[in-house]
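Some notes on the structure that comes next.
We call the chains A, B, C and D, going by the order they appear; numbering starts again at 1 in every chain.
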Amino acid sequence: MTRVAILGASGYTALELVKILLRHPEAEIGLATTRQQEGVPLSAVHPSLAGQIDLAVEHLTPEKIIGHVDCVFSCLPHGVTASLAEPLLDAGLRMIDFSADYRLDDAEEYAHWYGQPPPAPARLPHVVYGLPELFRDRIRPADLVANPGCYPTSAILGLAPLLDAQLVAPDDIIIDSKSGVSGAGRNPKLTTHYPECNESLSAYNIGHHRHTPEIELILSKACDQPVQVIFTPHLVPMDRGILTTTYSRPFDTVREADLFQIFRTFYASHPFVRIVEHLPATKDAAHTNFCDITVRVVKDRILTVSCLDNLVKGAAGAAVQNFNLMFGYAETLGL
Amino acid sequence: MTRVAILGASGYTALELVKILLRHPEAEIGLATTRQQEGVPLSAVHPSLAGQIDLAVEHLTPEKIIGHVDCVFSCLPHGVTASLAEPLLDAGLRMIDFSADYRLDDAEEYAHWYGQPPPAPARLPHVVYGLPELFRDRIRPADLVANPGCYPTSAILGLAPLLDAQLVAPDDIIIDSKSGVSGAGRNPKLTTHYPECNESLSAYNIGHHRHTPEIELILSKACDQPVQVIFTPHLVPMDRGILTTTYSRPFDTVREADLFQIFRTFYASHPFVRIVEHLPATKDAAHTNFCDITVRVVKDRILTVSCLDNLVKGAAGAAVQNFNLMFGYAETLGL
Amino acid sequence: MTRVAILGASGYTALELVKILLRHPEAEIGLATTRQQEGVPLSAVHPSLAGQIDLAVEHLTPEKIIGHVDCVFSCLPHGVTASLAEPLLDAGLRMIDFSADYRLDDAEEYAHWYGQPPPAPARLPHVVYGLPELFRDRIRPADLVANPGCYPTSAILGLAPLLDAQLVAPDDIIIDSKSGVSGAGRNPKLTTHYPECNESLSAYNIGHHRHTPEIELILSKACDQPVQVIFTPHLVPMDRGILTTTYSRPFDTVREADLFQIFRTFYASHPFVRIVEHLPATKDAAHTNFCDITVRVVKDRILTVSCLDNLVKGAAGAAVQNFNLMFGYAETLGL
Amino acid sequence: MTRVAILGASGYTALELVKILLRHPEAEIGLATTRQQEGVPLSAVHPSLAGQIDLAVEHLTPEKIIGHVDCVFSCLPHGVTASLAEPLLDAGLRMIDFSADYRLDDAEEYAHWYGQPPPAPARLPHVVYGLPELFRDRIRPADLVANPGCYPTSAILGLAPLLDAQLVAPDDIIIDSKSGVSGAGRNPKLTTHYPECNESLSAYNIGHHRHTPEIELILSKACDQPVQVIFTPHLVPMDRGILTTTYSRPFDTVREADLFQIFRTFYASHPFVRIVEHLPATKDAAHTNFCDITVRVVKDRILTVSCLDNLVKGAAGAAVQNFNLMFGYAETLGL
């Protein structure tokens, strides 16, 4: 049994995490924090938890955490996380961080995309990117795992087998992603106000979404070549789900059957990637930790379509998958 | 041609009003105001108006309005309206007000439901309630028309024929209403944040929704007897539309066929009420000024179902219908 | 470990059942049948099951079932079920039936509502209605459990404490229910075609929905008095969820606090009913076996609002709850 | 005043057409046909038309049409249209056809994509493609106009200015389109059954959607060069709206400001194309005949985003725009 703390417990990824951990036979939630609402029952912050958990949220102070839990899940926002995390990491706690604060290992790149220097530059080179399908062996012993962004998970899992096999040009890749609204968080804004985004579809942050460098960095590292992508996110009127369509250019003529074989081999030992022959829908993977992927050849391009639940495989499920690896449990436990 | 001003132009009812007035052959929008965003094109406040109207929003000052327009549509919030409206009314402008500030004619009742005295008590006895199906002749000469609430319109139109004919007990009426989310306005809140209200249904303000006294007052006045109702609103995951189901108790046995005849006669001269034999859906009336009504007898009760578009017949369309009556145009012009 | 068969495995309730049983530590799915698609993998019938279960659907024949499984979940349609079920029951199999074929114990009543005599009249008096919150002790030893309808569960759980305490008039009850679209099944029809029911709300089957006699019968039996209700169902644009608002008339003045106490006591030993003080939303109970209930006093009426997931507590979850009771497992196992 | 017939009046595009024509001051609907439902009021086929039009649908026979109307709008399905249309065209009637039967001018190409020879090959070379923004002068005198597909309109309008200016490689174009569900028609199918496609996103027909050759043909003809595209459609959980994102490769470095100038000039005389600087949402153009377009430069690619309402600018609105041109009315009349 491992005792865990959840920092920033008022959002959607934290709620999803609580729900998964409540079913997890080897995890016990010892503490949940939020900036506001101190003393309020967690089940009042999230009414769907009524009768499920008897815990009041608290203000985050290191003393409540250090010595009381073995693992910290941090669902704090970008920029806020590192300052709060550093004392906990220094005290030897193991952490799975949902923010982007530790995802990029290059300080300049971070500064370019986030408009400020990285909050903890000294630690960046040692952080492990928590995508088990690419870095499982490095995750097991890690003290700090940067949980991947939701879009990057869908894009990287779709493209890695192609780039790893050196089948496609690494500088001619288009990623057209579509996400449900929960990916934008629980803070009310005009763009996610129901009558604005319901019955509507829009692209946003074209050319400057912060998941772009994350995708490029991880694919470059994992596949050992400089990868450059064009990434376009779209907002879809649904709660949860990401569907990512990628377009890449093969060096040579390829057959779909061979591509399926490559994908199946690449993910043979990874229980949460399902290579499917039909065109997957986000609903197939909703409320699960699966990422469903298919591949097609159209004219001179390879297309991949990958689907996942942004709150599960794109956030809380992946975090528990990392937790399982870090603490020696079966990778699929509780998922 | 009548020149009009729109106060509080940033919300959904104002947007709907602009769209209707742009198609109206006898109305010209001379001015649009908002509290913020002075100088911003109205088409930037509402991107769907791109290329449709060349007008920048302004701060509301009486000088910009008095002498420049003939009619004021006020989409300002409850409590704010009256203080801004009074100087305009005193200057002889005619106004259609979307707020609740002038809807209740009893100061005590207003104070009970709105938590403060009515902003302009002296004017209340002279205000006309802008439901043409009940008060058409009083609307024509009115200087100030209180545009009805969206729920009250659906409930009153469904019940008035029964109460007017003294068929049902006026103190045993249940109104179960369901509304799309645009009825809650354009101001982002957690309850109308997409991932909160999408794929979900909830009741709210049970027993203390402010449309309760409005329904009771208008039905009592129109049907000349003290009416008392239980009104329960629900929030439905859709943009627009209200469906109201009413349950009332007839004094005697009634036949559905006779009820249909009563409803058809009651609304014979009213072009925007459609008495239908099928069970109407809100979509049938969406984007129109129609209210679709049907009636059923079940055991010892009469049920009515009425559907309308809360932004049109429940707000902006009704306002233009009132405008047409006040300025001598055909009641259906532009609608 | 109990081996089970699922009859009629192509619909939504069957899919939900499979998902629950896959997580259930003491159930093993031995067989799944459909009328069509013989030999097709169950994961092709339901793409969300990809990689989750290795089973092909088969045609239903008694020989494949008798002697091979211990429990049959029948998700077959009304009218079809009984003829297929009778040989299995005669052979001693225990069954949880999702259809209405065994829910009404009065042959005449059945004939009135279903337009034909009941398919197995001799068995009707012995069938147990599978609502554990009312009939737990009778479910444990039962061979045949009629799994409740989704609307009835929400209505009965909301009203039973009031009727049981003889607080309200049993012949003055209004039930206004609202359901997501999955309740209409997986067979494509115009009324459930996406562009017809999306962004729309409608009432249907007013006065003649077949869940009316089921609600009346069960409440009458459970609360030992002749109960008569008006039941109005509405179709809501969402996948899953039922919210039921009931209006009943107390014999005497009541206080909300006392009502909460009555409800809490009534359901004290029932883990899947959550008495909540806030107004629950269907989303709170989505994907769970909970039914959330609250109660209000408004003027001279008692209102209850109950929410549940029509596919879980309204169908497959309740079935597994019954299964647990019948086979001696903890009532909450796997749920 | 021009008298028109609508063939195939039971679908969504026909309904939208009726609504537009009812507001059109110079069109009169003389006849509406469907294969089934002879004698049924059109307002029973489409309940939203209640009280709006007094016309019963009829079986299509040439005698009812020839000599009775001046213009035929055909909303019949692909493959069915031509056999019914030919006698009408031969009799001198002018027609706007919504099907694909006359869109491709190459019989072999047609046969490849539609699996059968074109139904009226002799007429193909003389048909005008009804996209006024490219072919206005040819539409005016035309007797037969092939109304464009919804996806092609969004893609062609986004790409034509770039190809016309010979700025981008005509064989390196990716079109990633997303459409609401009404584009799939009114015939219930499992893929458009509410609980299947709601809260879900999927790609479909990758590499073999029939709008691919239409896009290639029209862009090739209009821009005088062989254009080849990869076209990927996606199904989005909303009623109406198409958003198309295109990726093309400029021959030289380009500046966004110059591209905006090119787009504004290209569409200067076209009232229904709005070049906008913000990223448009489908909702901005919903229920209008506008197509909103923006352009971005990202790394070595030009991206365009175009939004329209598939039932209006993508079907019925475009048809009325063509009608206006053909019969000498102002292009925007009634729209």
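Note that a contact is a pair of C-beta atoms (placed from the backbone, for glycine too) under 8 Å apart; a residue touches a chain by one contact, two chains touch by 3 or more.
Fair warning: this is a prediction, and the values are worked out from it, not measured in the lab.
**Student:** State the pair with the higher C-beta contact count; candidates are B-C and A-B.
**Tutor:** B-C
**Student:** Average the CA atoms of each chain to get its centre, and name the chain whose centre is farthest from that of subunit B.
**Tutor:** A
**Student:** Go ahead and note the Å separation of the Cα centroids belonging to subunit A and subunit B.
**Tutor:** 46
**Student:** Quick check: how many Å separate the C-alpha centres of subunit B and subunit D?
**Tutor:** 37
**Student:** Please work out the Cα centroid separation of subunit B and subunit C, and write it as a whole number of Å.
**Tutor:** Once rounded, the distance between the two centres reads 39 Å.
**Student:** Touching at least two other chains at once: which residues of subunit A meet that condition?
**Tutor:** Subunit A, residues with two or more chain partners: 180, 196-199, 237-240, 280-281, 283, 286.
**Student:** Per the contact definition, I'd like the list of subunit D residues that touch subunit C in the complex.
**Tutor:** Those residues of subunit D that touch subunit C are 12, 180-182, 186, 188-190, 192-199, 237-240.
**Student:** Mind listing the subunit A positions that touch subunit D in their complex?
**Tutor:** Checking each residue of subunit A against subunit D gives 174, 176, 178, 180, 196-204, 206-207, 228, 230, 232, 234, 236-241, 243, 245, 247, 279-283, 286, 296-299, 301, 303, 305, 307.
**Student:** Quick one: which bits of subunit C touch subunit A in the complex? Just the residue numbers, please.
**Tutor:** Touching subunit A from subunit C are residues 47-48, 50-51, 199, 274, 276, 278, 280-281, 283-288, 290, 292.
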